[in-house]
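Note that chain A is present in both complexes that follow, paired respectively with chain B and with chain C.
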Partner chain A sequence: MFPELNSILNSTPDSFKSSDFILVSDRRADASFLIHHHLSFYLRGLDHNVSGQGVSLAQAREKGQLVFLEGLKNSIGVILQEDTSQETQPLSYLRTPGAGLEGLFRFVERSVRQSGDGDAGESWGPPVLLIDDLSVLLSLGVSVGAILDFTLYCQATVCSELQGNMVILVRCEEEDADDDEEGSNLLRRGLVHQCNLALHVEGLPTGYCRDIHGQMEVWWRQGEETIYNQRKIFHFKVHDKGASFFARGTSSAVL
Partner chain B sequence: MLLLSCVLQGAEAGGFILIQDTVKCTGRGLLKCFINAALKRGEDVHVLGFESPETEVCAGLDRSCVQKLHFHKGFPDPLGWTRRSSFTVERFASQHITQLIKDTQQAKASVLVVDSLSLVLRHHDPLVFCQTLQELRKGGVIKTIIGLLHSDLHQQGIVGIVCYLASTVISVAPANNERHSVAKTTRRTKSGKVMQEEEYFSVCKDATLSVQAKPRQPGHVQKERDVSEADPTSNLTFNLRLSEEERKAKEKVALPFVFSQEKKSALLKPTPGSGRIVYEPDDNDDFDEEDPDDDLDV
Partner chain C sequence: MAAPCSNTLTSFQKKTRSKLVSIPGTRPSVQNGQLLVSSGVSSLDYSFFHFIGSLLVMEDRYDSYSRMLLKYFLAEGVVCGHELFLASARDHPDDIIEGQSQPSDPENPGTMKIAWRYQNQPKVQTALASSVRFGHYYDVSKTMEPELRQAAKCHSFYQLQETPVTTGSSPLPSPYHALLKSIQTVIRKEGFDGSTPQSKVRNVLRLGIHSLGSVLWGDDVCCKDNPAHCHALTTFLYILRGLLRTSLSVAMVTVPSHLIQNRAVMGRIIRLSDTAIALESFKGSEETNPLYKDYHGLLHVRQLPRLNCLSCEVPDTKDLAFKLKRKQFTIERLHLPPDLSETVSRVSKTELAAGCGTTAMGNKHLDF
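For the complex of A and B:
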């Protein structure tokens, strides 16, 4: 979890906006550090007993706080038709080309509704859905329309109904004039229309730099009843213990 | 009166009003203003809400006329996966919509709002979609159709088709300052006249619209050209003009590289005393008397 990012987004694990759909995207850069931030952010929010730097994912998984679907690992089994059990229902779209993601949504719905009831009867509160990363579905042959339908349903269930949050990662390719028909950029545009907050990570337009790893655009889209449409760009540097964010031109290398 | 305000007040009743937006600027706020304006006029408004929840669509609307708003729940189940919707995208056809409206209240011409047309187009063939829109317009049960379209999610051709069907197209875009947005409105009246305007607008919390005219760019004002141009050869210390004789002599001069008649005849008749070529073939030379170009058909 990155404290500087928390202050930029004006949220803490103790008080954050619920019913939010946050879109994380990247182009020629790696935005997965933002997914890690959100994962530890929300786990910290659930369990105030977490101390020190780290959040133990294994422990969270055991307690039932964290439910993991290993999409890529399980998809091989589905494609080779080895395993036709209940567990692989979410990935049934791989067998029927042109099918929607209704099965995958049913898995998500089951998981988020169950998460309210923990082992010892404790309720973890509103659910959080993290998807890393959605563009893999494109390479598996799912159409952009089907993915947008899936995310709309996830948003309806997780955010609107259960007042939880959703964070989705999408990887984009280079902007291309021919790219308008299908592809990651079209998917990203569709998701930006749906989301409340969009974080987009790209390399610096001027090229590679040792002290600044890239730029992140924060786009506040809309709240429950208000429409913001405010964009700001920050520079960031990722290091071992986390990442630091700063306004453009204020890197310690420059000042 | 500003064009966008005109369209909002429903000055020309009926038709198909299309609100086009992109990721850069959402058109949902403007859509809400249209809903509010129709409600205030006492019209029955039917909303096919596929993309946004009812709470979001109704937030800020005038409380006194909200009962005239009929929200047909597509969202949160627009495709019927969880069987919780009263109207799915699949049922977007003229007979279903007409029946839906007739079932709700007495047959008075209503306003149909679709949020959004993009989701409908994702699940319907464009041709069938266009047919449905035309049937709805001519059906008599619906007076006005207002639809929101995310133009950056479709091919240009599809967007073009939908725009062609509309009687008014409003494209929204961000303005330089964050408080306003720009709306480019194109309205086609029944008489065939086309009006186009670009205006600033902002949506207030009570779903009312504030519209301002966009000032014209200063650089576009055209200066009037001088009718009489000044004579550049006057008022000089040297003479640039030609007298009549000088002009005639100038015209007679044969330019060096122009192929005139005299030069042609001079070239074709070789003058005597010019050089001759004497060729004595060697033993090894293959001297052929014939003209090699004889067989050319020139």
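For the complex of A and C:
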């Protein structure tokens, strides 16, 4: 979890906005460090006994806090063994990409509805859905329309009905004229239309820099407090233990 | 011999370090403890610091240097005692394996006479070499000795000799499906995924796949703008990545990317690999840039691996070029050669002559 990002987004693990759909995207850069931030942010919010640095994912999984669908490992069985058992229903899009993502949605729905009933009767609170990364589905043959349907269904269930949050990562290619019909840019445009908060990561327009790894654009949809959409740009640097964010021109290398 | 000091016995016992299995030909990364292997080209190892997961090589136009990289990769596997798996659709895998180079010692440039004032200066590192030797050198003018080659266990997959199998409900075309199944069978049978008990010594499986995506693999992504199988290659790479993540194996895949028209597909292919480099050879092009005269081509870095860590190591410079010397293939930083021509840093003689007045005409060769 990156404290500077918390202050930029004005949220802490103890108090964050619910029913939020956060879109994380990148273009020719890697925004997965932001997914890392959100994962530890929400786990920390659920369990106040988490100490200092680390959040243990294995423990969270054991306690039932974290439900993990590992698409990559499970997909081997679906495609090579042609496994059609019940457990592989979430990945049915691998067999028939044209049919859409209903199987995956049913799995998500089951998991988020169950999360309210923990083992010892403790409730973990509103669910959080994290997806890393949605654009891989495009590589596997699923259409943009099917993916947008899926996210809309998820938003209706997770955000509107269960007052939970959703964080989705989409990786884009360069804006290209021939990319219009079927592509990650079209997907991103559709998701920006659906989301409340968009974080977009790109490299610096002037090229590679060792001290500033890129720029992050934060876009807030208008809410109760603001009457217009807000947009801010920050620079960031990722290092081993985290990332630091700063206003443009205030990198420690420059000052 | 020091006397043992027995007075300070305690019951404290240092916990043994995590069970980092020592596998020949590998070493743990200092960043995150992941196992790294050498690609076979020491200067490539130095550029990227890691070889883990999959390396995508975008072929040069005549597939001469990418094929050479593949042979280096396999040769390194032979020398380290790794198991090999080679898949090809055009040349028979045995031909590729037989063409591997013989390992040799690195070339010794010998001491050169240099002005004493510069003797103590650190040498400019143009050829990329690490202080810690990891990997071997190969002499491309000699082929590997048969005894050495046959000592390595090698599995091969030759697409043209495989019988097509109906794949039922798989979205992958038959050759890709068959290749993935073959890789999975080898991984399971030889225990690279940890499924067999620890009776055998752990080893690494090196996968080499030549010209993936070409028409001989039954894929039309290289010959059509809107291919019918536009997701076949990306799905293949996705599943291959899954197989690599769940086993002790690394892969080098060459792709004829110069034939792929669709840029979105190219971008996705790069994203689905851990590391991606592109080779651009000067052969056959009318490249007359004097900067390139010592080299045979450029090496472009398209993607660096970022596995299990937030940030990745970026090499100092991205301007890399390669050359094939008589015995060795090396990758170097692109740099200007020293300018040894006579006209450098000298004022033009006619300008000098004019400045001296009317008597300068006869003294053109004198420099003031």
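To be clear about the criterion, the second predicted complex is superposed on the first by the 245 of 255 C-alpha atoms of A that agree within 3 Å, B and C clash if a C-alpha of one lies under 4 Å from a C-alpha of the other, contacts with A are read in each partner's own complex, and residues count from 1 in each chain.
The rule we apply is simple: a residue touches a chain if its C-beta (ideal position, glycine included) is under 8 Å from a C-beta of that chain, and two chains touch if they have at least 3 such contacts.
The structure presented is a predicted model; accordingly, all values stated were derived computationally and were not measured.
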Fit or clash - chain C, chain B, common chain A: fit
Partner chain(s) touched by A:V67 [first = chain B, second = chain C, both, neither]: neither
Which superposed partner A:A156 touches (first chain B, second chain C, both, neither): first
Which superposed partner A:L148 touches (first chain B, second chain C, both, neither): first
Which of chain B and chain C A:R171 touches, first, second, both or neither: second
In the superposition, chain B vs chain C on chain A residues touched: C
Touched partner set for A:E102, first chain B, second chain C, both or neither: first
Minimum Cα separation, chain C to chain B, after superposition on A (Å): 17
Common interface residues of chain A - those touching chain B in one complex and chain C in the other: none
In the complex, chain A residues that touch chain B: 100, 102, 105-106, 109, 145, 148-149, 152-153, 156-157, 160-161, 180-181, 186, 189-190, 192-194, 221-222, 224-227, 229-230
Interfacial residue positions of chain B with respect to chain A in the complex: 22-23, 25-26, 28-29, 51, 53, 55-56, 59-60, 75-79, 81-82, 119, 122-123, 150, 152-153, 155-156, 174, 178, 203, 205
Residue ranges of chain A in contact with chain C within the complex: 30, 32-33, 36, 72-73, 75-76, 79-80, 82, 84, 94-97, 136, 138-141, 171, 173-174, 176, 178-179, 182-184, 208, 210, 213, 238-243
Of chain C, residues touching chain A in the complex: 31, 168-172, 177, 180-181, 184, 231, 234-235, 238-239, 241-243, 245-246, 262-264, 267-268, 271-272, 306, 309-311, 314, 318
